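Please find the structures below.
Two complexes follow with subunit A in common, the first pairing it with subunit B and the second with subunit C.
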Partner chain A sequence: MSETTPDISPAPLVDDDIGFVRRIWRGRIWYGTEWYITVAGGLILLSITLMTIMAPVLAPHDPNDFVGAPFTPPGGGPQALVARSGESPVASANEITDELIGVQRNQNGVNLAKEMELERERYQNQDELIAGLQNEEVDLVFIDQNLVPEVLEANPNFDVVNENLGRIYRLGTDNLGRDITSRIIWGARTILGVALASALLSSLIGIPLGLISGFVGGKVDRTLSLIMDSIYSFPGLLLAIALAAMLGPGLINVAVAISVIYIPTFFRVVRGQVLSIKESLYVDAARSLGAKSPNILRRYIFPNVIPSVTVVFSFNIADAIITAAGLAFIGLGLPPDIPDWGYDLSKGHSFLVAGQWWMITFPGIMITLVAAGFSLFGEGLSEILNPRLVK
Partner chain B sequence: MNNSHLSEANILYNIKDLVVEYHTRGVVVTAVDHVNLKIQRGEVLGLVGESGCGKSTLGKALMRMIEPPGDIVGGELWLDQTELMGLPEREMREWRGSKISMIFQDPMTSLNPVQRIDEHIVETIKVHEPETKKSTALERAQALFERLGIQKRRLNDYPHQLSGGMRQRTMVSLGLSLNADLIIADEATTSLDVIVEAKLVDQLEEIRKEFGVTILLITHNIALIAQIADRIAVMYAGRIIEIGSVHDVFLDPLHPYTQGLLQSVPNIKFDEREELYKMPGEPPSLSNPPPGCRFHPRCPKVMPICLKIKPQLLENTPGRQVHCWLYQNHPEKHQSTTEVAV
Partner chain C sequence: MSPGLRRYIVVRILLTIPMLLILVTVVFFVLRVIPGDPALAIMREGASEEQLASFRAATGLDQPLHIQYLRYISGVIRLDFGEAMKRSIPVTEEIKTFFPATVELAMYSMLVTTTVGIFFGAYAAHRRKTAADYGIRISSIILYSLPIFWLGLMLQMIFGAQLGWLPVSGRLSAGMTPSPEETITGLYTIDAVLTRNWVLLKDALLHLILPCLTLGLVLAGIFTRLTRANMLDVLEQDYITAGRARGIWERVLVYRHGLRNAAIPIVTLLGLQVALLLAGAILTETTFSWPGLGRLVVQRIYDRDFTTLQGTIIFFAMIVAGVSLIVDVLYGFLDPRIRY
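Take a look at the complex of A and B:
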């Protein structure tokens, strides 16, 4: 009968059917100027994640093994085989069989000789070691690689037979001779595990409670809000300390202790969002078309809450990392056999005054880096996911 | 539409004595005050009034969608032979969408931003007919969209990718997807520009002829009513003050408010009446309305009785009801200014 009114909207000038990658590439223009923040955060997170996954391959040593001498500085470790000029019984380190080797106590030479299964004469300090070689008590000694020029200058009659023997500790070793590089790499696993587990746990509890509280309203809302606000009013670390002390050490326990303090964050964000989305026209429209309440909550409200939750999640991980490190620092963290940056921090800080700066510096840098990575990424996400910026 | 068809059998929706109140901080606001209204099957009924007179509340009340702090305090809502107020919420939900549906004021925000267009329609269909297959639902959605002149490829888009007119047509197709008998269009065209508005009105007209739906058009756009509506109901401060066919009311408005309202509409022929009519005073506060006739503080033809006693909404001529003492008798009404016709 009547003619259909023709569609007057013109064809779109920009093709909407572009691929996902190009959409993201264009997104850098749409989503404001801060796209590089996201990229920086993303790169940090990517490398940390890779490190976590590849830990067994990347780590040179078992993080709990006393592989080296205590307090080896970063880059230390390699040994030089030194003999009196022209008197070396061997041409290279490979030929050593039953010669007596002079080593210095608490130095990497001891470990090297032990590994090469050599007979060794142990000296208390460097002066005694050099005197031993000078006095022909031993024919060969292991000396730290970076001490060689100094020693040769003082004793011109010495010769270097071999250099670069044994391992190098790029980031040094700690007070027990454990390799810091390995501890850092394995520690990433621990800290990411704890942070992710606690953030997941708190979001799993906080989001549904926030949804229900905001949507149902009334007495339920008031009760839940009261409980959450009272948790929120505690200083976070203090509550985590109390809970961790109560639950005892262990990976799960620490994650639980940390998650409790972040439940209110999720709850409050979600509840606030639900309160405003609930009033929006499309929820009314859904209701006018006969949608059920659970359906409205699931299909209309929850998907619109996700962007803010994602951002909170990302920030929370950054926060949880710092809290986890804080717990470990005061000795309420994980059992000592799990490599943990926070634990290394707490052990390392007492040696800082003695000049062994590397034990506290590297875990500290890593904690800062990871926390910053999540914060930057969260910042970028909040830009990208902000519906007002998507047009 | 001929007024003689106003028989009981032809009435789709019968509103009897509806009262809706909002309770806020101890103040009771009566947004809809004892409204009686009959909507005939197949007609377009325009509901006009100033902002805040209770039009939208009335529209929502028809679907029983008043949320706290609001409440339907009294009255009966008869849709066909069913009294909606007595239905449990679960059954009422079944009725929403399938018998009555609503098109909202702002097309920009009345669609879920995270759902694709086709998901909206498929979900609506599946809510009411769970046994429908997704493909069948999709086909129905496509047919509807074609009917409303939206390209098929647009079905995959998110709401923010559509223009305002397209979104509003999407809302219309949502309302139509279940063959609802009554569509309540709450300011459905207010935020659209005139060209898109004209098109949507055109389509509403086509749809109504094709599907035989009844449309309650809530608006303050008088010209729109004149164009599309069969009958017009004028609302003032929570009460219906005049009902009649569009032709009659526009030609000869009875209530002083209707007269003022129609004179306030801009007209191209300005030479006829120099300046646009401006109604004196402000719309009354609904929390503390004036006694008697609520229009009396602004009425140019106010009588002593208007200040004391509320008039009835009585039939003046067949099919024409008016809520004004000018056309009614009362023992206390000492003098009549015009001839009383009952």
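Take a look at the complex of A and C:
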């Protein structure tokens, strides 16, 4: 009998043997554009996460070190070594170990000389530096590469020993001479930490309250809903400002201040879901078989809430990132020794008119990128998990 | 007015009261309990014990917390937010000074939001699942992901610092502030029209462009999505299909029949954006040195002036509650299906 029955079952839609990555890759056929939106968001998040983990390796400098001249434009910062001519100028950086080097205060050269373990003499400014070389106080001086032609013209007896020495600040330096590239890389850690912590806090409070409120109903539900709706209708940033102002600076404090805004979001979504799931047949079936309420809540209702919670979580992190940056911009963020994009933006604000565009451009792009990453991820995911949630 | 509608309005008003009470309570306890001693905070170090005691007595801080709370609530009911700690003037006066700037900013930003949001939202719904739709959806996500203050900084840098086309801070150029007799509403653009002061009007409008674009565009990101979702609901209705069957031109169907019917929920959603608008106004005002309520809040944080802070935040809550009440009541008038 079984031999004559033709095999009419179609090939399985999803092959269980293929790996995780390939299964995701196949998803594009089913979900179309939503898949691309989710994956675009996911890729942004993946790279940011990698950046966060690899920060010590990726960042060229310590984010709080004054490594270069203040306001070095992006790509700027290389130094030239200049010496008096007739001193048999050395050709490479390796050959200058015994020379006495003149460096300028708060300059790239200070660190360069430190790295090369050179004897060094400090000067306050460029003019003193050149005078020091003229008076034979030092053998060599570090000079900003852009200024070399000028210096050579004024002092014909000088020679360039080595050009393009030192490092390039790809995204420039800020008003204190800190490397913006490094601050951005380390800042990703800060902002992701704050956003994740606050989203976790809100979900840990909001989800149980929503479950209880929706499941128990009655007076508890009405009271909780009223409180949550009040907070929900209020401009969240103001509440966060008040809390952050009171709690003072600190990573946990900022996360707590932000988390309060989003508790109602989790509460409302979970409560709404519970209300509809509560009426479904399988819950009735479980109850008629004698399942206790806590068990029904845990094993039948909670798992069905997870998809929407995931979506809310993603949107919540996106929002928390923007809110955290906003708090820092107002001056209510983290202590100044933690690299923070929002704080950098507020610093850059003061120098905007002077034309130092790089101080505000890059941190802002990063905030937008990370927030958009979480939003895109949530947007695509919500359509994939629940096509009726977002049209 | 039908009994159903009357009942709906009464219930809606009664629901607003506990909501406000909850918010006042939350704000009061957040600002009073956590910081410890406001007297110490405002008097700074070096104040003697007697000075602190007299300050506490003058501001009622020596009373037990529940007495302070009841006093404050009874004041709030009479719209009396107490006296500003920093400048010994009533907080209500402070709010009155700064409020018109926020209203003006919010008004014109809303104009930007609705124009951009409704146009692109309706267009995306019309061209559902085309490249235009996805383009608009993704750009609205990106717009919403922009930190409002950063967009402001960028516009300031490009149009203010680099091109020099537009002013980047304040409501008016120096020396342009109208005299008290010329100030009628406190909204400079409206005052200028009323007093026929065209120079003032131009100056005020120029100062409004960048802040309103900043705030309006970021909110337009959300509003485009909401309009699109509502339009999609409407375009699925039977009468649209019927119209299509009769051969009505698609464009007329979408933008005349569809958009008009989507207008009610869209206007309601606009009312609900007020909370977001005010939150955004705080950051926009900080970026553009706009002398509004948001800036007042930020400044009083630095001054550690808790009464002003508390009063302003509660005032914000009242606006939000008031606007959503008005919108809901209007909605009840417009749509007979909405009843408790």
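By definition in this document, the second predicted complex is superposed on the first by the 279 of 391 C-alpha atoms of A that agree within 3 Å, B and C clash if a C-alpha of one lies under 4 Å from a C-alpha of the other, contacts with A are read in each partner's own complex, and residues count from 1 in each chain.
What we mean here is this: a residue touches a chain if its C-beta (ideal position, glycine included) is under 8 Å from a C-beta of that chain, and two chains touch if they have at least 3 such contacts.
Since we're looking at a predicted model, the values are computed, not measured.
When the shared chain is aligned, no partner comes close enough to touch A:Ile205: not subunit B, not subunit C.
Touch criterion met: A:Leu281 reaches subunit B, while subunit C stays clear of it. Once the two complexes are overlaid on the shared chain, A:Ala291 sits against subunit B while remaining clear of subunit C.
In the superposed pair of complexes, A:Val39 makes contact with neither subunit B nor subunit C. Counted by residues of subunit A touched, the larger count belongs to C, out of subunit B and subunit C. Touch criterion met: A:Ile322 reaches subunit C, while subunit B stays clear of it.
Of the two partner chains placed by the overlay, only subunit C lies in contact with A:Ile227; subunit B stays clear of it. Once the two complexes are overlaid on chain A, the subunit A residues touched by subunit B in the first and by subunit C in the second are 390-391. On the subunit C side of its complex with subunit A, the touching residues are 15, 18-20, 22-23, 26-27, 30-31, 34-35, 129, 134, 137-138, 141-142, 144-150, 153-154, 156-157, 160-162, 168, 228-229, 232-233, 275-276, 278-279, 282-283, 286-287, 297-298, 301-302, 309, 313, 316-317, 320-321, 324. Within the complex formed with subunit B, the residues of subunit A that make contact are 1-2, 4-9, 16, 280-282, 284-292, 295, 299-300, 303-304, 306, 387, 390-391.
For subunit A in complex with subunit C, the touching residues are 33, 37, 226-227, 229-231, 233-239, 241-243, 245-247, 318, 322, 325-326, 329-332, 342, 345, 348-349, 352-353, 355, 357, 360-361, 363-364, 367-368, 371-372, 375-376, 379, 390-391.
Listed in rising order, the residues of subunit B touching subunit A in the complex are 63, 65, 93-98, 101-102, 104-106, 109-115, 123-124, 127-128, 147, 149-151, 157, 160-161, 163, 165-166, 171, 174-175, 178, 195, 199, 202-203, 206, 209-210.
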